[in-house]
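When the chains are written out, they are named A, B, C and D in that same order, and each has its own residue count from 1.
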Amino acid sequence: MPEFDLVIRGGTVVTAADTVRCDVGVRDGRVAALAENLSDGKRVIDAGGLLVMPGGIDSHCHIDQLSSSGAYTADNWESGTRSGLAGGTTMLMPFAAQFRGQSLRQAVEDYHQLADGNALSDYAFHLIISDPTEAVLGQELPALIKDGYTSFKIYLTYDSLKLNDRETLAVMETARREGALTMVHAENHDVIAYLTDKLLAAGHVRPEFHRVAHADIAESEATARAIALSEVIDVPMLLVHVSAREAIEAIRRARGRGLRVYGETCPQYLFLTEDDLLQSGWEGAKCMCSPPPRDKANQEFVWNGLTDGTFQVFSSDHAAYRFDSPKGKFVGGFDDATASFKKVANGVPGLEIRLPMLFSEGVRTGRLSLNRFVELAATNAAKMYGVYPKKGTIAVGSDADIALWDPELTRTVSIDMLHDNMDYTPYEGRQVTGWPVEVLVRGETVFRDDDVIAPAGNGRFVPCEPPQMAKPLGRPIHGFSPTTGVFSGW
Amino acid sequence: MPEFDLVIRGGTVVTAADTVRCDVGVRDGRVAALAENLSDGKRVIDAGGLLVMPGGIDSHCHIDQLSSSGAYTADNWESGTRSGLAGGTTMLMPFAAQFRGQSLRQAVEDYHQLADGNALSDYAFHLIISDPTEAVLGQELPALIKDGYTSFKIYLTYDSLKLNDRETLAVMETARREGALTMVHAENHDVIAYLTDKLLAAGHVRPEFHRVAHADIAESEATARAIALSEVIDVPMLLVHVSAREAIEAIRRARGRGLRVYGETCPQYLFLTEDDLLQSGWEGAKCMCSPPPRDKANQEFVWNGLTDGTFQVFSSDHAAYRFDSPKGKFVGGFDDATASFKKVANGVPGLEIRLPMLFSEGVRTGRLSLNRFVELAATNAAKMYGVYPKKGTIAVGSDADIALWDPELTRTVSIDMLHDNMDYTPYEGRQVTGWPVEVLVRGETVFRDDDVIAPAGNGRFVPCEPPQMAKPLGRPIHGFSPTTGVFSGW
Amino acid sequence: MPEFDLVIRGGTVVTAADTVRCDVGVRDGRVAALAENLSDGKRVIDAGGLLVMPGGIDSHCHIDQLSSSGAYTADNWESGTRSGLAGGTTMLMPFAAQFRGQSLRQAVEDYHQLADGNALSDYAFHLIISDPTEAVLGQELPALIKDGYTSFKIYLTYDSLKLNDRETLAVMETARREGALTMVHAENHDVIAYLTDKLLAAGHVRPEFHRVAHADIAESEATARAIALSEVIDVPMLLVHVSAREAIEAIRRARGRGLRVYGETCPQYLFLTEDDLLQSGWEGAKCMCSPPPRDKANQEFVWNGLTDGTFQVFSSDHAAYRFDSPKGKFVGGFDDATASFKKVANGVPGLEIRLPMLFSEGVRTGRLSLNRFVELAATNAAKMYGVYPKKGTIAVGSDADIALWDPELTRTVSIDMLHDNMDYTPYEGRQVTGWPVEVLVRGETVFRDDDVIAPAGNGRFVPCEPPQMAKPLGRPIHGFSPTTGVFSGW
Amino acid sequence: MPEFDLVIRGGTVVTAADTVRCDVGVRDGRVAALAENLSDGKRVIDAGGLLVMPGGIDSHCHIDQLSSSGAYTADNWESGTRSGLAGGTTMLMPFAAQFRGQSLRQAVEDYHQLADGNALSDYAFHLIISDPTEAVLGQELPALIKDGYTSFKIYLTYDSLKLNDRETLAVMETARREGALTMVHAENHDVIAYLTDKLLAAGHVRPEFHRVAHADIAESEATARAIALSEVIDVPMLLVHVSAREAIEAIRRARGRGLRVYGETCPQYLFLTEDDLLQSGWEGAKCMCSPPPRDKANQEFVWNGLTDGTFQVFSSDHAAYRFDSPKGKFVGGFDDATASFKKVANGVPGLEIRLPMLFSEGVRTGRLSLNRFVELAATNAAKMYGVYPKKGTIAVGSDADIALWDPELTRTVSIDMLHDNMDYTPYEGRQVTGWPVEVLVRGETVFRDDDVIAPAGNGRFVPCEPPQMAKPLGRPIHGFSPTTGVFSGW
C-alpha cells in the first residue's frame, strides 16, 4: 500500500451510520483507508479527543446574489466559503438565479463567473427558475441537467419569481422526465400580499409585521398545495426552509402516505422566535427572513421534525444583508419616514453557526445522535443533490472533506469571531459548545486555530448527478399517469 | 280565534327539532297554529298516517341558465319548480350568474325576467360572481345584498369563472363587511386543466376520463385552500357540492378548530359512483358532473359527513342537460369523431328525487333521524341563506309551505314519472320508499295525486336577509384583523 | 277548542330548531297549542321581551348520594331540584348507584325512597353499574330497562367502581341487546393511581396535584379505549364530562368515521381552569372534580366541541360537597397534618348556574345560536335518554316545563343568591347576563321573582324509553357480529 | 500494518449510510481496515459483483421455546442459527421467557443452557417478563441488565403473559431507571378473548377466525395505550410486530410529537394477507400468527412505515411450529372434531427468508435504498439493543459478521431449499431475487454455495449494553416527573 499523504490518527470517525475509533488515510485528496493503526503518512494529524466528521454541506445559501428587494448579499464567494469553512462546512450549494426573460444558461454562466476562481471550498449550483417557458423547460433545462445542474428551486411567492400552479406542474413534469429535483419555496403569495397591503394601509410598518404578513397559514396552505401538485405529477420534491407546525405536519402526513416529499429546515426556526423581531428601533430587521421565525412553541415542532425524520436536510438559507449598508437590509439607507417591513431585505446569515448551534442544541442535549447530526450536516444533502459519495461522508473513495470537532469547546457567538462579511449576527451572545477546530478540503487543511488558510480559487465546481432520491414512485392518479398518458383503470 | 283557511289534521308534524302528532292551522298562507284538535277550517286535509314536513328548499340548482360549455339547462322556471314540487320541494334558490364584464345588477335583472311570472313556487337567487371588480365589490354587491341577494357563489375552476386567491380574498372580505355568505366551488383549476390536456393528448376522451381529470386531489386541495383564505379573512363560508373524502375531512378539521366552515353535498355523491361513467356508448355522460361521482368507498365518507354534522346543506345541484338535444349534453349534437369529455355539458338532474332518495336511503335505513332529514331538506338552507323563519320550518308565522309525505309509499324511479323537462334520469330503476303525496305553497295545494296544479306565476321572489350563520368569529390572524386594520399583539 | 289553563302570551318561543313569536296554550299540564293571538286562558303570563324556552334537563348530577370518598352530597332532592328550578332546569336525571355486591334493583328502590315525595320537579334515574355479574346483566338490568331505567353509567376508574375491558364489553353488549345507553366515565385508573402514589410519595398533597394525577392522557387514553370497545360491540355510547382536547378529538374522529359516539361536557371545563386549584390555603379544593379543569387553552377546544356538534349534551355533573362540613370536601373535618388531594371529595356544584353561564358565555358571545342553546339545555338530553317528546321541548303534547328567560338581566353570581345547599360556589363573583325569571313545571309556576314556590313532592318520576339514539349501526367487526354470531365474510 | 487474516476484495461495501467500492481487511475476527487496494491477506475473497453487507441481526425470534399453546418451536439453536446464516443473518436475539412464579435469573440460565454450545452464530437474549414482582423488578432485573440483558418484552395479551396497565407502568419505570428497553406486544387481551369466545360459540373455528378475533382494533387500541403509558413514564419503548394501519399511524403521530416510540414490523405483514388463512383444509393455520396478516390494502401502510422511518426494526418474529407434528401447529395432533383456531400454535417461520424477501420486494422495486435495507437488516437492531458497534455494521473494529449478496440471483422459495427444521414455508413458490452467497461470522466463512459450514458452538453470547436509544427525553407529565418526584410547575 503506497504511503498516505495524510493520516488522521486517533479520532472518533463519525458517519451517518457509524461512530468508530479509527485512523483515516488520505491520498490524492480522497479517503483511501479507514483502519486501525495506520502507519504514518507524509502528514499526520492527531485527532485524539476529536470527532472526525464529514465536512458540512450547506445546500441552501445565497452568495453574490441580488435580492428581489434590491439588496445585494454581503457575502461573495470568498467570504461565504471562508465563513463556511470556519463553521465546519466544506461545500456550498448556492443558486444560479434566472431573471424573467433571461436564458437559464446565461444565468448559470453569470454565476459561474462570480464563483470560479474565488471560492475557497467546493461548490455546486441549484438553479432558480422564474420563467419556465417551453424553451427553458424543453431545451435549456435538460441540457443543464446533463451538465450537472440537477436541482432547481421554484417560488410560490415573490412578485418577480412566483410560479402559478400550472407552471409548477410543468416544472415538476420536467423534473420527473429528466430525473432532477424540484425545491419549493412554499408560501401563498396572495395571502402575503393581501396581508401586507392591509398592514401597511393601517400603518403597521415595523419589522414584526413582516411576521404577521407571512402568516403560518400562508406557508401551510402553499405546502399542502405543492404536495398535491407533486402527487399529481408523481415526482419527489423538497420543501425548503419549512418553519410552521402545520406545514411540518403536512409533510409528515404525505410521507406517511408513502410520498417522497422531503423537507428542509434552518437554524432560524430552531433558535429564533418572532419575539426577536420586536427589538427596539429597527433592530428586529436583523431577524427578518421568509418564512419568518415563529412562536416559541413552534420551535418544538421543528425539533420533532428533525428527530422523527420528517426533515432530511438542514441548511442555513444564509441570505446575509448588512444592517448598515446602502445595499443591505435597508436599500439606499434607512429612512425613518418611509421605512417599512416590505422594503427590508429578507434573510439572515447562518452559514458559519449552522453546525455549531445544531451540535450544541441538538447533539449535546440528547435530541440528535451524532450520526443524525452528520446526516443533517452533510450526508443527506449530498445524496439529495447527487454529489454522494464524492461528498458528504467519510468513506473510502470520497473526497477528504473533513471537519475535526472538539465536542467540549465552548464559545460565545459574536459578530467579531465570525468569518463572514456581515456587520451583525442574530445569535450574538449565545453560548455554544462544540466547534470545528480543524477543517480539510480534499485532504488539505484549510482552517485551523481559527484561521482560514485556503487560497481563493481553492474551490472547484462539482457537477451533480441526477439524484436517486428524486425517482418517482410510479403511482398514477386514479389509474392515469399524466407523464406517460397511460390509463390502467381505477 | 278567527277561522282557519285550512286545517291539516291528524298528521305527524316534523321539524328540525320535533316530531309530534298535532294539527296545523293555516291562515293567510301562513301557519297560524299548531295544536291539538283544532276545529275545522275552511278546508281540511286529513293527514292521518302522513308526515307533515316543511316543504324542501333546494338551495343549489341551475334554472334557465347557459352553461360554460354552451349547453342550456333543460329546465326553465316552470318545469324546474314543477319538478321540485313533485319532489316535495317548495322553494328553489338558483343562480343569477354574472358574465365577465357584465354588471352584476344586470345579471340579476336578466334572471328575474326569466323567473318572475313563470315560477310555480317561491324562489330566491344566489349571485355568481365571475368578475369581482372594484365597482362590483364596492358598489353593486353591497346594494344587491341590501336588496335581498345575500349569498354568492364563486368558482376556483372553469376558465370563464375562476377567481384567483387574491380575488377570492377580496370577495370574502366584501362578504364579511356586508354580512353575506360566500359559496365556493372548490376544485383546483390548473390540476384539472393539466390532467385534461394530458388525457386528451393520450386519446382518452370518453366520459370516465372526466372523473380522472377532476381528481379527488383537485377538490381536496382547493377545499383546503378556500378554508385557509376564509380563515385569513375571518369569515364563514360554505363549500358547495363536496364529494371527496379528503375534502370532507378538511372541513371537519376546520370545524373542529372552531371555524365556521360549512359544507353541502348532493345526491350524486351518495347514489352514483364513478362506475356509472363507464356505461357503454356515451351513456356515461348522463352521470357527468363536477365534481364527479367518486368511488364506492367514498360514499360512506359522504354519509358520515351527513350524520356527524359536517354537512349542513343537502342540495341537488340540479344542472340538467338533455342527453339527446343540440343544446344538451353534446352541444350541437353528438359526433363520434370529435366527442370528448371536455365538451360534454357538466351536470346531472336531481331536483325531484333529492328528497325521496334521501328519505329512502337516509331515514329508512336509520342513518338519519326524521329531524335531521328536515334540517337537510329545508331548515338549514333557510337559515344559511337568510329566509328563515319565513321558510324552512313549520312554525307559527312561517309560510305554510308544507309537504305531506307517505313514508311507506314505494315507487320505482323512471324518467316517465318525473316532472322535469329531461329525457333521462341517472337513477332510472331505483326503488325508493317515502314520497310526498300532497304539497302546499303558502297554504294552497299545488301538488296532489301526482299532479302539479300550481299555475305559472304562483311563485314569488323572496329577498334574503344577511344570514346569521355568516357572522365572523372575530379571530385575528396572529393578532391582526385585516378587515379592521387592528393589531392586538400576538 | 276548550279553554286553556294557561296562556303564555307575547314571548319568543325557542326550540332546538325554531325561534318564533307566538303564544303558548297550556292545558292539563301539557302544551296544547302554539299559535298567534290565543284567546286568554284561566291564567295568562305576559312574556313580552322574554324567551320562552323548554325547561332545562340536567342529565348528569348527583343527589343524595354517598361519594366513594365517604362524603355525602350537600344536596338532597328538595334542595337539588330547588336549585335546578332557580336556574331554569325543570328535570334532573341523577344516579341510582349500585354498590358492589348489591342488587341493582335494591339500589333503585333505595334511591326512589330518597327522591319520591321530596323532589320539586320531575326526574328520572340513570343506573350506575359497579358489579356487572351475570345476574345483574342477564336479569336485573333487562327488567329495569323495561321499567324505565334505560341508561347506565360505568366507570373506568375509582377503586370501588371501575370495570375492566371485559366487563365493559359485557355491559355494552347488554346495552345493545336491550336498547339501552351506556355512559362512560373514561379515565385510565392505573395511570391515575400510579401518579397519585408517586405524587403523595413525593409529598405533593395539595389540591393542584389532583389535576396532575388526573392527567389529560389518562382521559384521552380511556376515551379512545372506550370508543374501541363500543366499536367492537357495535353499540352507541356516551362519554360523560369530557374535558381534554385529545379526548374531544378522539370523539370527533370516531363520529367522522360514522360511529355513534356521543359526548357530554360540563361548565367546569368551560369556566374553570387548573389555576383555580392553586388558590391559597386549601381553597383550591372547591374546584376539584374528575376530570379536573384543564389549562386555559383547553377551554377553546371544549367550546369547539360544543359549536361543531362533537358534544350533544351539556350537564352540570353537580356533585356538591360543602367546604366546611364533616361530610363535605374534607371528610371528618380538615386536618392540615394529614390533608391530601386524594382524600378530598371530588366534585363541584353547578346545577343552578349551568344554563345562565352557558347563555351568557355561549349565546351572548355569538358562539351558540339560541336553538343550539336549547338543544344543549334540554332537547338533546331528552332524546338521548328517552324522555322526548314528553320532555325537552315546547311542542304540542309535551309537558309544559317551561323557563321564561330575560336575556338582558345581569346578575353577579354569589353563594348567597343560589338555592342549593352549599356553602360556596366556584363561580363567586362572575357577572352573568341572561337568567330565567319564571319557571313552570307541567304548567304550574314553580319559580318567580327569585322564589322557588313548588312544594316538596311536586316532582314525579319519569320512566325512560329505550333511546332511539342508542340504535346500533349494524357494522360488524371485519365481517363478524359478536352479538349475533354471524360472519358475513371480509 | 500486520497482515490481514482475510481480505474481501472488489465488492461494494454497504452500510446504513454508505455504498462504496472498497476492500475489507479482517484481522482477529474484526474489521481492521476499509481501503482501496489492500494487499492480500492470508485469505482472499473475491467479492466482485457482490454486495458486502453487515450480517443481519434477527432481533425478534423464538428458539427452543415452549409456546403458550403447548407447542414447541421446531427450531433449536442449531437449526435456527443455521437457517439464519443461510439467509444472511449472523446474529439472533431470541427470548429468555419467564414463567409466572419463576425467577427471571433462572429463566435466563435455562435458556443459556439450550443455546450455549449449540448456536452456530452469535446471540443475545431479550427477557420476557410475565411476573413483574417487586423482587423481579427491584433486584433480579437490575442485576440482569448489568449482565447484558438490557431489553425485555412484555405482553398486553395472552392469559399466561399479559400485564395490566399498572404492571406495565412498573416495568417501564424500571426500564427508565436502569436504562433498558421495553418491547411491547400490543393487543387488547379482553377484546381478543371476547371475540374468540363469541366466534367459538357461533361455531367459527377455522383459521381465518383467528384473524377476526385478533381484530385490527385490538392492536391499535393497545398500541395507543402502550404509547400513553410510556409517555407517563417518559421512557422510550419499542412496539414489536406492528401490523395494522391504525397502529402504525399511532406510532407516527407519537414520533411526530417527539416521543421516542419505536416500531418493528415483520415479513408476514408485507408478504402475507388474511386471505392466506382461507386456504382449503386447515392449511390456513400455516399463516396464523399474532397479530395476523391483515388485508391487501394494509400492506401498503406497512411499506409506508418502512419508507418513512416509522419502523426502525424489521425482524422475522420467527415462531416456527411444524404443521404435521404432535408438538406443532396442532398440539397432540390434528383432530377434525375438536380443531379450533384457539388451539392452533401461533407463529410463522421467517428467519431465513426475512432478508431475501425484503431485498427482493424492497430494494429491487426502488422502495428502499440499499442503506435503508442495511439499517433494517442489522444496524438499527444493533443500536436499539446495545450491541453496536460490535455488531450491525461494517466498520473498523466491528466483528466481521458479513454477508456477501448477489443482487441478481433469483431463486424460487421452497421448503426444500430452506435450512430450518420446518415442514413448510408460507412463502412456497415465491420468486425472490437477491440472496447471500457467502456469509462470515467473525471473519470465518460459515455459509457458502448453499452450505452452512459452521460447527455447533461456533456462536457466542453477546452481552448487551444499555441502549442509547432508550434514553428518556426528560418530559414531565404536566410538570411532574413521576420517577423523580419533582414537580416543576405547569
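One rule holds in what follows: contacts are C-beta pairs under 8 Å (C-beta built on N, C-alpha and C of every residue); 3 or more make two chains touch, one makes a residue touch a chain.
These numbers were taken from a predicted model, which means no experiment stands behind them.
> Quick one: which chains contact subunit B and subunit C both?
Common contact partners of subunit B and subunit C, which must touch each of the two, are absent.
> Between subunit A and subunit D, what is the gap in Å from one C-alpha centre to the other?
The computed centroid separation for subunit A versus subunit D comes out at 38 Å.
> Which whole number of Å gives the spacing of the CA centres of subunit C and subunit D?
50
> Which whole number of Å gives the spacing of the CA centres of subunit B and subunit D?
Going by mean C-alpha positions, subunit B sits 56 Å from subunit D.
> Among the residues of subunit A, which are close enough to touch at least two other chains?
none
> Which word fits how the chains touch one another: line, ring, star, complete or other?
Contact pattern: a closed ring, each chain touching exactly two others.
> Subunit D touches which residues of subunit C in the complex?
Residues 164-166, 168-169, 188-191, 193-195, 198-199, 201-204, 209, 211-212, 215-217, 220-221, 224-225, 228-229, 231-232, 274, 295, 477-480, 482-483, 485-487, 490.
> For a test of understanding, state which residues of subunit C touch subunit B in their complex under the given definition.
It is residues 1, 13, 15-22, 25, 27, 32-39, 249, 252, 255-258, 300, 303-305, 307-310, 366, 369, 371, 374-375, 379, 389, 393, 395-398, 468, 471, 473 of subunit C that touch subunit B.
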